[in-house]
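Presented below are the structures under discussion, each in the form of structure tokens.
In what follows, chain A forms one complex with chain B and a second complex with chain C.
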Partner chain A sequence: MNKKQINNILIWFSAIVLIILIMTPGLWVVLTAFRPQVDVMAKPAVWIPRNLNLIQFETMLFGGSEGSMGRSPIPVLSYLRNSLIISFTSTFIAVLVGTIGGYGFARHNFKHKNKYFLLIMLTRTIPGISLSLPIFIIFSKIGLIDTHIGIILVFVALNIPFTIWLTDGFFRQIPRAMSEVAMTDGCTKLQAFWHIELPLSRSGIASAGIFAFLISWNEYALVSNLARSTDSKTLTVGLMDFTAQFTINWPGMCALAVFIIIPALILTFMVQKHLVTGLTFGGVKG
Partner chain B sequence: MRKFLNGPWVLLMPTLIILTCVVLLPLLLSLWTSFTPFKLTKPDTLYRFVGFRNYERLIGDIDFWIAFGRTVLFLAIALNLELVFGLGIALLINKITYGQRTLRTLMMFPMMFSPILVGFQWKYIFNDNIGLMNNFLREFGVIQPIPWLVDGILANTSIMAAEIWSSTSVFAILLLAGLLGIPKDPIEAAKVDGCNSWQVFKNITLPFLMPFVFIAMTIRSLDVARAYDIVQMMTGGGPAKRTELLWTLISRTGYVDAKMGMANAMSYISIFLSIAFTFFFFYKLVEARQRLSYE
Partner chain C sequence: MAKVSLQGVSKFYGKVQAVKKIDLEIIDKEFLVLVGPSGCGKSSSLRMIAGLEEIDEGIINIGDKEMNNLEPRERNVSMVFQNYALYPHMTVEENLGFSLKIAGLAKKEIEERVHEAAGILDITEFLQRKPSQLSGGQRQRVAMGRAIVRRPDVFLFDEPLSNLDAKLRNQMRTEIKRLHQKVSTTIVYVTHDQVEAMTLADRIVIMKDGIIEQIGTPLDLFERPATKFVATFIGSPSMNMIKASIVKQNNELLMKTNDGIIVPVPKDKQNSVSEGQNISFGFRAEDIVPLKFGQKPSSAWEMQSSVNLAEPLGTETLIFTNFGEIEIVSRMFTPEQVKSNDVLDFALNLNRTYLFDENSGLAI
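Let's turn to the complex of A and B:
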């Protein structure tokens, strides 16, 4: 064997170790969701699953059945509904407002532009838990605690800065000349935007939307304090219910975790390409 | 009016209105509250001004400073390790030609996990009774279960492991994008002139990667506080405050003890901490971007 071959083997060996480190924790959770409680609690550990079942999902969705030890179910369906309503609505509004803002930043030069941009991004750095305190006080005064509208409003504010960051990058990639030509041919500014710039940045806006959706879908610190009941609790907050309510039901929690991860998994795969170009401003070749 | 409609402000107006209502005004209220002894149980206290009393108490509060120090130390260690591991992974994947795309996709796996799930997953792995870690060790004869999430040092290390697992891929992905964009000519030229791999890395690869390092750092510093979700899930700041970070302390003071005034004073300090982080990296990024701009 020559030096190059040894080198190749080393590289592949480390790549495989890496993949195992990255994949195992998640896959272990997914596997647990399908295993009977006995197997999970067994000592010494049962490594190769002897049988798999859907009991945890049945319990979660339709209430306790045999083998689930007669536990009352967590209202997962309400949580799922809340998660969907809140994430979709807030994403839609955030993308609408953020895209307009991103276009403003990309196509106009004004005084202190970089400073305004930074200021808007800085609102995103405020830790969720710190922001939740005053919002909690305000919302409890005006009755927005535990409502969809309240949480949607907060998520919109949370997602606008990042949408601006992404769309600004995508709009700047489109040559200004294209809309200028259209405007000399008699288009208004709005028509030029609608017919030229918007279609060209469609994929960028879509990935900004998916990004916003994921942030809403995954948020915990803010919702956990602004949601009080099944009226507005989302899946991430629901996961915490499991630890509070029972001696921890590991397979049950894992089943809910699978519920949370599936949409995120699909969406992330969809945007992975745009994610990188978007985050690196596209402008730096990559 | 016409000038206004054609200018940037009409486009930025919706953004500014929403951010003012949902972020700026609450922050002002938060600032006011930090100067009052406001307790959720006694609504009247919101209007009693006590000056800097909350802040004075915080300066003398040893628990607060321990949590503060732990947060800064935690972030410093976690961010640096993430950068080093991320760089290592990016260099490794860059070397692989066959199946690189698949590897890159697999690398994104942790990015799909919400922090609360990351916390849950590692809480399960480090569970002393049925966790993957202790089950694994038992196979090798470690019969006495290791109390991963109980002992102070072990608990902090476990949380660090979760944090690094979830965020290293951000660095890896962005740095890989940087590596793929490096022009080949200077590297070839340097090799012809007799540079070794280390010299090529230090003098060509690394300077080119710096903007990407700062992009990754800026993006990461935007949501360092997501460590709150992970800690809240794994240990809740306990046992006996051994893993208390600034954010779990704020949450406990505000919502459990209902001492909103004090919690807001703490949260202002945490906000300045976050902003300082982001500010620093963003300016580094703007600098690096200007230096490397192709426009």
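Let's turn to the complex of A and C:
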């Protein structure tokens, strides 16, 4: 065996180990979702599943049946609705505002531009969870607790800095001459942006969008404080419904977790092409 | 079709004044080239005409209309950029038709005009391709096509050939000239390459540090440079330039170089210089030739010097030799072998020697 082959084997071996490390917890969640509680709780552990079923999903989506530990069904559809409304709306607003902001930073010069940029990025250094109490107090005073709008506001604020950063890098990559030609070609500034610069930065905007969406979709800590009822609780917060005083319905929780992962996965695959170019090109600041 | 006029136009970038109150009249259908070293303000001037930079001072008119407060789209100018700036997400056809689409023209007319422009530039077969599938020269043509399809009053070219390799550059240069003959529209063309300027222009504007050094036809600038800068900038190889001061001997004015070499002041300049004046005198490579291989000029000054280096180019040979301490170039048109270290007699044509005042840089 020559050096190259040994190298190849080493690379493959470490890649496989790495993939196993990353995949195992996820795989375990998926498996648990299809297994009966007895199997999951068994000691010693049952590693290889003996029987798989869809009981947890049936219970979750269509109400209780036998074997669901007799708990009242969780309003998954309400949670799904909340999650969809909150994630999509906040993503839309964050991408809209962030793209305009990113364009502004990339194309316009104004006083203290770099300081403003840094300031916006610095907001990302504050751990989100440390904001939960101040946000809770403010929201409770103005009546935004347990509302879609309140949670959307929080996510928009969380996502805009990142969106600005990503799209700024992207707009910088488009030669200025591009919009200048468009303007001598008869476009207004807005038309040049709409016809030329926006389509050219789609990858960046798509990746910013997917990141914003995933952050909103998966966020737990902040929403768990701000959402109180089925009016605004999201799927992730709904996971806690599976814990009772003395028991945790692990298979049920995992079934919901699988349910949460699926849309995110689909969306990621849909924009994967853009995501790759978005991350490799847009991230580099010119 | 329109004339363009700039009156006292200035451009500031922060505290730096890039363009300093320039005045310029561009005649209808003229091919005008702005040339100068980088940072001379030529691109800023062009961009002010296009409306891409604000005019900080002065007035720009196209036709009889003031442009100062008009957006680029309202000026009816077309610009061709150095990096082409083709829209990468559109086909060639869409690139060409974009301005017409924005203007709201009917589909059929857009198609007609796009095909007409494509025909002029010989790019009809590429209409369905994306810019990334084109070579550099083809992209350049598409960029020009995009400019002519609008039938603008003025074409603006911003160093359109500097991204091309030497061979293609020569070819495209000819095509631009041909294009001008076909469409006969006013063209303002910016370049740093004096060869481009000489070959393309009806008139050349030489700029330096934000001011206009000289305006004139290519031959004007070549034969009658107004300043020392113009003299060294135009022509290749660059004009030989030697510093000297005027001294008087036997009632005759002479130029004494820093190395102590003494050359008579050309007859027609005798009355224009005075003793003690610091000057530079310049002469082109073809005006100092080896006596052996050239014709002796009627008013000559001779020197002997050894060859540092010879560059045979076929029709001509460039000989690098010393004038005192300063290296100069001589160009001879006879196909003779000259080798390094050959000692030759050179004759300088005094009738074609230029004098410049050292303080003002102006021609004497």
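FYI, the second predicted complex is superposed on the first by the 255 of 286 C-alpha atoms of A that agree within 3 Å, B and C clash if a C-alpha of one lies under 4 Å from a C-alpha of the other, contacts with A are read in each partner's own complex, and residues count from 1 in each chain.
In the analysis below, a residue touches a chain if its C-beta (ideal position, glycine included) is under 8 Å from a C-beta of that chain, and two chains touch if they have at least 3 such contacts.
Treat the numbers as computed from the prediction; the structure is a model and nothing was measured.
Because the two structures share chain A, they can be overlaid on it, and in that overlay chain B and chain C fit beside each other without clashing. When both complexes are overlaid on chain A, the residue A:240 reaches chain B alone and has no touch with chain C. Of the two partner chains placed around the shared chain by superposition, chain B is the only one that A:15 touches, whereas chain C remains out of contact.
Chain centres taken from Cα atoms put the angle at chain A, between chain B and chain C, at 90 degrees to the nearest 10. More residues of chain A are touched by B (comparison of chain B with chain C).
Of the two partner chains placed by superposition, only chain C is touched by A:180; chain B is not. Applying the stated contact rule after C-alpha superposition, one finds that A:75 touches neither chain B nor chain C. In the superposition on chain A, A:191 contacts chain C only, with no contact to chain B. Closest CA pair between chain B and chain C after superposition: 11 Å apart. Comparing the two complexes, no residue of chain A contacts chain B in one case and chain C in the other. Chain C makes touch with chain A in their complex at residues 50-52, 71-73, 75, 77-79, 81-83, 85, 87-89, 98-99, 102-103, 146, 150, 156.
In the complex of the two chains, the chain A residues touching chain B come out as 11-12, 14-15, 18-19, 21-26, 28-29, 32, 40-41, 43-45, 97-98, 100-101, 103-105, 107-108, 110, 114, 116, 118, 120-131, 133-138, 153-154, 156-157, 160-161, 164, 189, 214, 217-221, 225, 236, 239-240, 243, 250, 253-254, 257, 260-261, 264-265, 268-269, 272, 275-277, 279-281, 283-286.
For chain B in complex with chain A, the touching residues are 6-9, 11-12, 14-15, 18-19, 21-27, 29-30, 33, 38, 46, 89, 92-93, 95-96, 103, 105-117, 120-122, 124-125, 127, 130, 132, 135-136, 138-139, 165, 169, 173-174, 177-178, 180-181, 211-212, 215, 219, 221-226, 228-229, 232-233, 247, 250-251, 254-255, 260, 263-264, 267-268, 270-271, 274-275, 277-279, 282, 286, 289, 292-295.
Residues of chain A touching chain C in their complex: 175, 177-178, 180-188, 191, 195-196, 199-200.
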